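Across the two complexes that follow, subunit A remains constant while its partner is subunit B and subsequently subunit C.
Up next, the complex of A and B:
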């Protein structure tokens, strides 16, 4: 038997691509050595959000009295790590069953094994040689191994811990680092960020980066540049001050997990080099998601995998790579889509920024989360929206409106004109769109 | 109820205007018809009146700012209007703009017409209005992104002709940017292989050129053009003009031949009212106009304009000379107002001032006739049975044969030429 497509890896690229392939009538097999759902579902996106939700609830309950709720003494509150994990596990297993159900429904087969690419049409797994017309590598990435802390725990290891560290040292860079630091802070720990470089989140607009830096300062989370820190056994020295830690967690920038392959895959910075259709240097072998190094976002991985299926089905892709939101599950949340101000400047476009604060939004005030703003970056010829940045409790959901606006090449006029329900936090779009000098 | 008033295309096919003066502030109460803002466009300076009574809630743009047609000018809070009425107002059909004659000096028989807003034609509502809901009798329009629409408008591209590559055929920014006029519309391009664009240049039609094209075609399709050509010896006129210029030199007035010709035509039109009329086929009648407003074609850097000399029959030669000079100056400085361009009843083109003896001018529909003046030159003429050197002015006139017969045209031309030949007759 010859498969139309063998997918290696079952994360957001692999499982989404496989479902679409099944729907398109391709005979499809997914091979994964460990979990269904990959990192996103098992120790990435979903579990971290579930745990963050627990932490945010703890944080919010502390101000219950302010909302008129008696009987809660903040001093009595504590964080039950095991219960938070249990709740997380339930969510994960539910979603995982969902994926298996969808595979089955769409005729996708699954094999739990380690895969090895023998040729563009052959994959070895489970001591068998499987024939296929196409291969999609969707094996993801992991934090790069650290030289300074070779034994540092990874995010995955964290879930195996009985108890959490009191003073974790989070070494690395990126959104995960910020999210994890705030998680520990909200549950009453004293995290330290050891930043491999600054800005912490290079893809973000400098305005958002500076906002989050201030927020971390407010949270009393030290941000220490790796290069300026003198690291000892269980403490480090920075600016003549000692910072103790009792555990190191590796949140470094990521490196690709490459499957074993006989055909030599061309790499770029350690990731599989791919073209616009996400095809590698070897025709018929594609790579989607983290492994191709284009992005480390689950939704982008899924979108890439769908494009691979389109390509296999001979559907022409739009020339441009697509706009996608960049979400940070910080406290408050941050989200960004489109160009940053720096990128707009680099293109020499005439632009303006309309900024509107959440403190002027009724719904945000009632929810007690009026920290934040929306910024709309637009060119001034047609007022086309080029970028949107939001800081708000629900920024990661709010950004979707900007996504569809930009997909449809919308303008600030369209935002100003669209009737938004009152009271909603989303009204900030309308208000920002309507700002006139 | 908030009414968003967008800068309307005031019937000239213009794209943008510059704010010269605001007559209202935020919070001002305004009555419908009162001037809101003075705008300078490609052709004219004009007051834009308020379409509604109410209170100015928002004012867009400062003095000197350029405003695109279709961009918001003001938002007016209208008292006591419910949403339904507001919706109805927004979807009212714009009143039709009238057309006035324009012809182009120096382009021989090629006579353009530009559309000029008539009374009440200031507010072609277009997409302007209170609610953006689809109008009741929705026009079929291309599915397109907002930016694609704005860009198409900006570049003068008819978006309905653009093939959309987005989902469901949606026209995107990219489609507009890569749009080339279809081979159907421009057969000349068909033979042009892709990649040889260095041998031709493609430029979208400007609004004004599109309007001219439309109106020329309309004139040719709706009238039965007939032309007559003649010559007249004007030595008497040459002398009369020279004597008058000596006399008027003190007042710094310098007469050209045009005021004499205007007077001659105005006089003849009184005796031939059908030349100063309009055919109303729909109601099977002729509308005679009891006023003589002569459109005078003027060539400017920005293109053709045709300001109107009102009641030309009631003005003296020196008044006409001053008025012509004033109109010419303002045309060149783009200071003409819409009023200057309205209500012509007959047109004159002096193409000969640039070159050419005879032409077949195109009538500025729905006017009946256009009179063209060719290049004046010295030629042999017969005087008292002798060959002599004469000053000869060729003329060319086009009329709409549906309403005027050849004999009447000849009689009209004879009368005009008799005044030009013997200007003393104008004194009688």
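Up next, the complex of A and C:
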């Protein structure tokens, strides 16, 4: 038997691509050496958000008295790591079964094994040689091993711990780093950030980066540049101050997980080099998601995989890659889509920014989370929206309105004219859209 | 001095219209006999949502142990009505000051007085006769007085209570009724709904109505049709069963609050009859919001008032009135925009419905609120979206994406193609948009 497509890896690129391939009638096999759902489902996006929900609930409960809830003594509150983990694992299992259901429904086969690419039409796995017309590499990435802390725990290791560290040192960069630091802070630990890069999140607008840095300061989470820190046994010295830690967690910039391959795949900075259709240097071998190094976001991985299926089905892709949101599940949440102010400036566009504070939004006030704002960046000829940035308790969901607006090339006038329900936090889109100088 | 515009009433029609009028350079005066912000701000939208936030927090805290939060005994939890009220009043004050600030900034004057319309160009208030070029009536509505319970409390009266009733009888119809019933249920009271109409919410899609009826059943809130109930002193009899109550709250269908007027305003079912521009039978006298009986939603009132200002400024209005969302702050929340299935059927359109459950959404699962769904109703020629309905913990914010989509005449293809961040609840738009038979 010859498959139309063998997918190696079952994360957001692999499982989404496989479902779509099945729907399109492609005879499809997914091979993964570990868990269905990959990193995102098993120790990435989903578990971290589930644990953050627990931590945010603990955080919010502390202000219950203000809302008129009696019977809670903040001093009595505690965090049960094993229970939070158990709840998380139940969610992961449910979603994992959901993926297997959708594969089955769409005729997709699954093989738990290590895969080796023998040729553009042959994959070896489970001591068999499998024939295929196309291969999609969706093996993802992992944090690069650290030279300063070669034995640092990974996020996956963290979930195996009986008890949590009191003073974790989180070394790396990016949204995960910030989320993890605030997670530990909200459950009463004393995390330290060892920042390999500053800004912490290089693709974020400088305005948001500056906001989150202030937030971390308020949270009393030290942010120490790796380059300036002197590391001793179980403490590090920065600005003449000693910072103790009892565990190191590796949240470093990522390196690709490359499958074994006989055909030599061309790399770029260690990631599989691909063209606009996400095809590698070897015709018939595609790479989507983290492994191609274009982005490290789950939703972009899925979108790329769908584009691979389109390409295999001879559907032509649009010239440009799409706008996609960047979400940070911090406290409060932050989200961004489109161009940053720096990117707009670099293009010499005439632009304006309409900013509207959450403190003027009735619904945000009723929710007790009026800390934040919306910023709408638009060019000044037609007022087309070029970028949107939101800081709000539910920014990660709110950003979706900007996504569809930008997909349809909407303007600030469209936002101002669209009737938004009252009272909602989403009204800030309308209010910001309507700002007149 | 002659005003360009006198606005009578300062709710969502009055205050929003006045701000825009000021921005457009119209010399504007707002007259209100009571509070700045009208019913919506002072005892409607905002206070009810603030109190619901408190009740929902109490409700959520009961499952804190499942999230891994220790130190809370559900049996110890209590609801402090006075504290919840105090928090609410602080929010109301802040928003009220915000409106006054925006008025001042835009040169709008305010007079606290009872207004009487003497002619299309004269208003009497505070023992003075004020000259104006235009008048906007934005006096709102109140629940109609009940024949069965003439002394029933209003929502406004409720906020003056020292302690809450144990078994409130909520008599009337609409979203407020459902929200209020669930509020009492969540804080541990035993509310009874006396339903003047069934469906409870006539403008809601039958699918959502049926969902909320089931929800009320789960909440053990009896829903008794007014027409079939026999009322005794402090109990009512329905289906041979006695239901005690210790207070009656009037949430009846609304009647207009009409200002005194020498020119005879033509009415329709008791509300000021207006044309597409919201002008009454008397040229120069407009009516926006509840008082014209076209809608009883705050955001529609604001939108109408903006259209009045456009009309005064000689900006032509689009032919059709706009789509607007309908939000119910129930537990879970419900939201709807565009046509209901019944309305689509009545137009003999070819349509389909894509429905996607929240139980398959990772973010909803992590939040512990995967009860709900999205339904997208679209015509089958171009797949243009005709209506969207959502049940979800944050449905009232999620619906805003559908608002901008429909304003820009988007399709299910647009939803499926737009990259939605993972993991977010808003992904259900993309997932539902991508459903293929």
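Some notes on this structure:
As a working rule, the second predicted complex is superposed on the first by the 437 of 437 C-alpha atoms of A that agree within 3 Å, B and C clash if a C-alpha of one lies under 4 Å from a C-alpha of the other, contacts with A are read in each partner's own complex, and residues count from 1 in each chain.
FYI, contacts are C-beta pairs under 8 Å (C-beta built on N, C-alpha and C of every residue); 3 or more make two chains touch, one makes a residue touch a chain.
Note that this is a predicted model, so its numbers are computed, not measured.
Once the two complexes are overlaid on the shared chain, A:408 sits against subunit B and subunit C alike. When the shared chain is aligned, no partner comes close enough to touch A:242: not subunit B, not subunit C.
By the touch criterion stated above, A:78 is placed in contact with subunit C alone, subunit B being left untouched.
Applying the stated contact rule after C-alpha superposition, one finds that A:275 touches neither subunit B nor subunit C. In the overlay built on the shared chain, the residue A:384 is in contact with subunit B alone; subunit C does not reach it.
In the superposition on chain A, contact is made by A:66 with subunit C only, not with subunit B. More residues of subunit A lie in contact with C than with the other chain of the pair subunit B and subunit C. Contacts of A:417 after superposition on the shared chain: both subunit B and subunit C are touched.
Of the two partner chains placed by superposition, A:342 touches none, neither subunit B nor subunit C.
After overlaying the two complexes on the shared chain, residue contacts for A:300 are found with subunit C alone; subunit B is out of touch.
Shared contact residues of subunit A with subunit B and subunit C: 408, 410, 414, 417, 436. Of all residues in subunit C, those touching subunit A in their complex are 12, 23, 40-41, 45-46, 49-50, 52-54, 57-58, 60-61, 64-73, 76-85, 87-88, 91, 94-95, 98, 297-300, 302-303, 322-327, 335, 360, 362-363, 365-368, 394, 396-401, 403-405, 407-408, 410, 414-415, 417-427, 429, 436.
Listed in rising order, the residues of subunit B touching subunit A in the complex are 58, 60, 132, 145-148, 150-151, 154, 165, 170, 172-173. Of all residues in subunit A, those touching subunit B in their complex are 318, 381-382, 384, 408-411, 413-414, 417, 436.
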